[in-house]
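Everything below concerns the one structure shown next.
Letters A, B, C and D name the chains as they come in the text, with residue numbers starting at 1 for each one.
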Amino acid sequence: MIVIVMQAQATQNDVDIVTKKLVEAGLQYYLSQGEARTIIGVIGDEKSIAQLPVDVFPGVEKSIAVTESYKLVSREFRHEDTVIDVQGTKIGGRHLGIMAGPCAVESLDQLLEAASAVKRAGAQFLRGGAYKPRTSPYSFQGLEEKGLELLAEARERTGLKIVTEVLDSSAVDIVSQYADVLQIGTRNMQNFTLLKTVGKSDKPVLLKRGLAATISEWLNAAEYIMSEGNYNVILCERGIRTFETYTRNTLDLGAVAAVKSLSHLPVIVDPSHGTGHWKMVRPMARAAVAAGADGLIIEVHPNPAEALCDGNQSLTPENFSLLMDEVGAIAAITGKAIP
Amino acid sequence: MIVIVMQAQATQNDVDIVTKKLVEAGLQYYLSQGEARTIIGVIGDEKSIAQLPVDVFPGVEKSIAVTESYKLVSREFRHEDTVIDVQGTKIGGRHLGIMAGPCAVESLDQLLEAASAVKRAGAQFLRGGAYKPRTSPYSFQGLEEKGLELLAEARERTGLKIVTEVLDSSAVDIVSQYADVLQIGTRNMQNFTLLKTVGKSDKPVLLKRGLAATISEWLNAAEYIMSEGNYNVILCERGIRTFETYTRNTLDLGAVAAVKSLSHLPVIVDPSHGTGHWKMVRPMARAAVAAGADGLIIEVHPNPAEALCDGNQSLTPENFSLLMDEVGAIAAITGKAIP
Amino acid sequence: MIVIVMQAQATQNDVDIVTKKLVEAGLQYYLSQGEARTIIGVIGDEKSIAQLPVDVFPGVEKSIAVTESYKLVSREFRHEDTVIDVQGTKIGGRHLGIMAGPCAVESLDQLLEAASAVKRAGAQFLRGGAYKPRTSPYSFQGLEEKGLELLAEARERTGLKIVTEVLDSSAVDIVSQYADVLQIGTRNMQNFTLLKTVGKSDKPVLLKRGLAATISEWLNAAEYIMSEGNYNVILCERGIRTFETYTRNTLDLGAVAAVKSLSHLPVIVDPSHGTGHWKMVRPMARAAVAAGADGLIIEVHPNPAEALCDGNQSLTPENFSLLMDEVGAIAAITGKAIP
Amino acid sequence: MIVIVMQAQATQNDVDIVTKKLVEAGLQYYLSQGEARTIIGVIGDEKSIAQLPVDVFPGVEKSIAVTESYKLVSREFRHEDTVIDVQGTKIGGRHLGIMAGPCAVESLDQLLEAASAVKRAGAQFLRGGAYKPRTSPYSFQGLEEKGLELLAEARERTGLKIVTEVLDSSAVDIVSQYADVLQIGTRNMQNFTLLKTVGKSDKPVLLKRGLAATISEWLNAAEYIMSEGNYNVILCERGIRTFETYTRNTLDLGAVAAVKSLSHLPVIVDPSHGTGHWKMVRPMARAAVAAGADGLIIEVHPNPAEALCDGNQSLTPENFSLLMDEVGAIAAITGKAIP
């Protein structure tokens, strides 16, 4: 549904041409003719509406979308909160899901040390990158399949579920062999080939918000996955890009509240990338849960000073444990609990 | 303190000219000569450094500021949290300050109804605009001095302290006759004449962050006030302008955590302007306190559907009361309490 | 004129309540009832519409403004380009206005040297700050009234018209005694008291766009001035704040094209602040004129390496002269000429 | 090369620990010890520096990068402008390259009509999407391989070179069979798998700037392609995302001037996506060439009112022809010509 706003000087003939075009496209319309200008409400098949080049019709000032193009992700489609079951571990609704671990998988020792620490503190998921998207081609690009094998071994030993990133449609098969949850990173939020491919997978998908994506675009990206049949999508707010440079990104917790109203899907928060400073991770993790988030994903490293990436924003196991205590207390206030 | 980065192809002669300029300006420098390029650390009087047009010196690629120009607002200047005493009511440190009331003062009845409701729920301050900054000259501009009189009467009857906005240096005197706290709005954060004028006042100042101000510029604005002798500055995060349009602004709670580390001044949060939707005010108020804020400023109207401005983002007294319960519980976790 | 979008689950009763409220407010409405949702077009007095808190009415999802609140600045109000006559020098329409000079007035020698250089190259206006808005209170704040006197002397000797900034409503009188054009800086674009004050002045006003102001807000700021009776407003695009930090601001030349379509007022461009690097001033000055700008304001300093402010972005007289040659050639292509 | 800024209260012991870490990592350093704080310039292997988690070292306030990580794309690596030869058609240096055609390939008739029109007006390249990245899964996704066949036929008949988008690493082979230039779209600018894959191709690559990418990230993305051996990269500025919503994007022509100084690669401009309004395309195309761009990519449709996508921003052949005349005249001023 769109509204077409005619120019002040548009003639009746202009209006007639526009409405004729609408009828030809099989659409219905309602006219509102004010003194200042005429507006035309357009109703009908969304696909037909989406393809109307209304701004080139004569006398049109602009068109305004009044409904969203996503359907399956919306609260209107499904009213109750979606609870996603990852091999027996639930996230969504009353279940707060905690994902933690190092930025990158570096070695078995590093990974097991991180895994046992985060499990001890109460996390249910182990995060860790095997394929790393890096701004420069000269930065560490990850251990690749070897990293996936180490993650599987850490699952074997700790029982934690594995969350890891898949960078490209051609890697979905291999990553799916090891991961419990497929992560789509912020730079790939609108990699539509990748979205369609994980949409055909049977693994839950963690969909990070693009660093300049509107909430609407983010939900449309989730719609790509769901429209291929995979309904197990977890959204993740991880900070957006703004003019402020003190923090690595601007963590948009308002988006959490917005998503809870627009969609039934669970939404978690990444305060590590959302701030870029380990000292800010604890307060922002508390804030995220207070805002109603369904979970957290946190970078924890046994020794941040030796990390191969993102050491600046990684928590020590001790700080992560303090965070978990505070977050648990706040979750109770919002009606959630860490299982 | 700045670092001058020389171009890769800069000659020794270029470096000599630059360092000669530094010496002439009474500054010290340290050279770091790498293979790729030379950098020059510059130390000395900040004012002299600020006036160096280094980018026009020969062979200079750029200069980078490594220290901030503000002093009095910084944690380095004062290590302990500043607690501000507003006629006996404290804010900062362990004292959570709650300011609430209508966007605009409309009538005595409206104001008293709002005031008694927010007082009952636990607020210590009554907010309300007598002079309203509006995007369009055709919107309601406030009751002006009449509004100030009504605020004073509400204080008389309820004991609440009054927070109200001053729009211009010429109005500081009149507003000071009525207000307990002078509010500087987001559009005036860099109205330097106004900042200097309230800096000479003996009233505490609530300094809202500009909608596109960096944290550094915001703290420099506070420095303007403090450098005139008024040390009672309360900072207020109220959302910044980003590409996201679903919310009225993007509430930057990371800035709260940042300010707590950079400055000793109390910082409060305005989730009403920070979201623009009353339904999002409660979750974001919880999140603000969880992030470590020293207080809140919230729009409450006895009947939002009849409000002359900002009805969309105003809470009913009932919802405000629920908010206060939740916020009180979270404050306990961050070591604060509503007095 | 606004469109109210009802929620998908809104009832007929909700719609009835909303339309009853509209009638009570003296407004007309048109219903468009689609399968997915109902929308309501609202027509009538803009002031009444602006005060409707529609989002708190039952069943309302959102409201969307379809018309702008400014009137006097719009192309609909006046179809032909406004040409402003500054003491005999025209700007707007076919007349390209060139303003140039130092960031700050520093001394008579500096000012006269700059003035004679820019006049020789073809500028008609001398710019120069007597009152300087600076981020830090410890930076050079300008020569104040002494600076105004020097500007007047430069006018006396060169015949150039004077453009200089007024920072506060209380300074409009004094600045008006010396200036030919009153400049409102980017930080004061929504200093509504100042806008109203210069709106009562008989001097033309140069209104810089706020660094985070939408085009709509900028035109509304001009409306404040015009609604007080002063129709001689020159708009100035000077770069907006974005995530990009390589340039000081992001010069939004699309805004020039937009303003030419939305408004009859002349719009000029400041490539000095718009880039922050003197090397980028020439290409962006060319681009501005090619985009259809009605003029330029450029920082020129006889010796940028000695400038007290903005030396990095100041042109030498030689470079300014080259710029003028190029700009003159491009102006011919867009149907303009430097008088 | 980075600069480490120590906290004001950092001890000599903190400094010693940091410098010991630097030595262990095989790096050199220079100390600048001011009164206020110590800074440490770090020199050595960029990869080792990139992996230092300096912010978790004791007493460190922050670290600042002073050099860029890209090499092959930089002006320092190659001083002269790169001229790219696309099957005999040159772009870069004095050669202005003009790419034009419909948003999406729709049918043979539509494509041939567009192709012959743009050729007649002087374009050397035909643009047209066979695979379309769309925000919603329900929008037209392109004719896919059939579209590529039509593009090849249009080349056969007109001699125009073909520019078309490749969405995913798995599609590089098929698109390369038909295209003369592989386009990487704005959403894929940091699809690193795709960048590496086209980096191994022998086709020139048109790399659009990401809608929230800094100039530095954009050049690093080009470095990914060049580091795999493909040196034929054409950059394309197409607008960035900002708070302004009147235009579809904010066309950042300052980035063109910046890239010309930082890199030897050609950079072209897309004023169609950069504005979103066909009426703004001509002025912004002129501005782009005036700013020093090496070419343009423009959406032209034989009948914009019937276009399946982006009709609003498409030029008619007549308007495109007018644009070409103006652009040719401006190119002469910047020392370029349309071959």
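FYI, contacts are C-beta pairs under 8 Å (C-beta built on N, C-alpha and C of every residue); 3 or more make two chains touch, one makes a residue touch a chain.
Going by UniProt, the chains are A, B, C, D = 2-keto-3-deoxy-D-arabino-heptulosonate-7-phosphate synthase I beta.
From a predicted model like this one, the values you see are computed outputs, not experimental measurements.
Looking at A-C and B-C side by side, the one with more C-beta contacts is B-C. The chain pair from C-D, B-C or B-D that repeats the A-D interface, sharing more than half of its contact pairs by residue number, is B-C. A straight line joining the Cα centres of chain A and chain C is 38 Å long.
Work out the mean CA point of chain A and of chain B, and you get 30 Å between them. Chain B and chain C have centres, each the mean of its CA atoms, that are 26 Å apart.
Under the contact definition stated at the top, the residues of chain A that touch 2 or more other chains are 212, 241-243, 245. Here chain C touches chain D in the complex through residues 212, 214-216, 239-240, 242-247, 250-258, 260-261, 274-275, 279-280, 283-284, 286-292, 326, 329-330, 333-334, going by the rule given at the top.
On the chain D side of its complex with chain B, the touching residues are 1, 3, 5, 8-9, 28-37, 39, 41, 43-44, 64, 66-67, 76, 212, 241-243, 245. Chain contact summary for the complex, chain C toward chain B: residues 21, 46-47, 50-51, 53-57, 69-70, 133-140, 167-171, 187-188, 190-194, 210-212, 217, 220, 223-224, 227, 241, 277-278, 304-312, 314.
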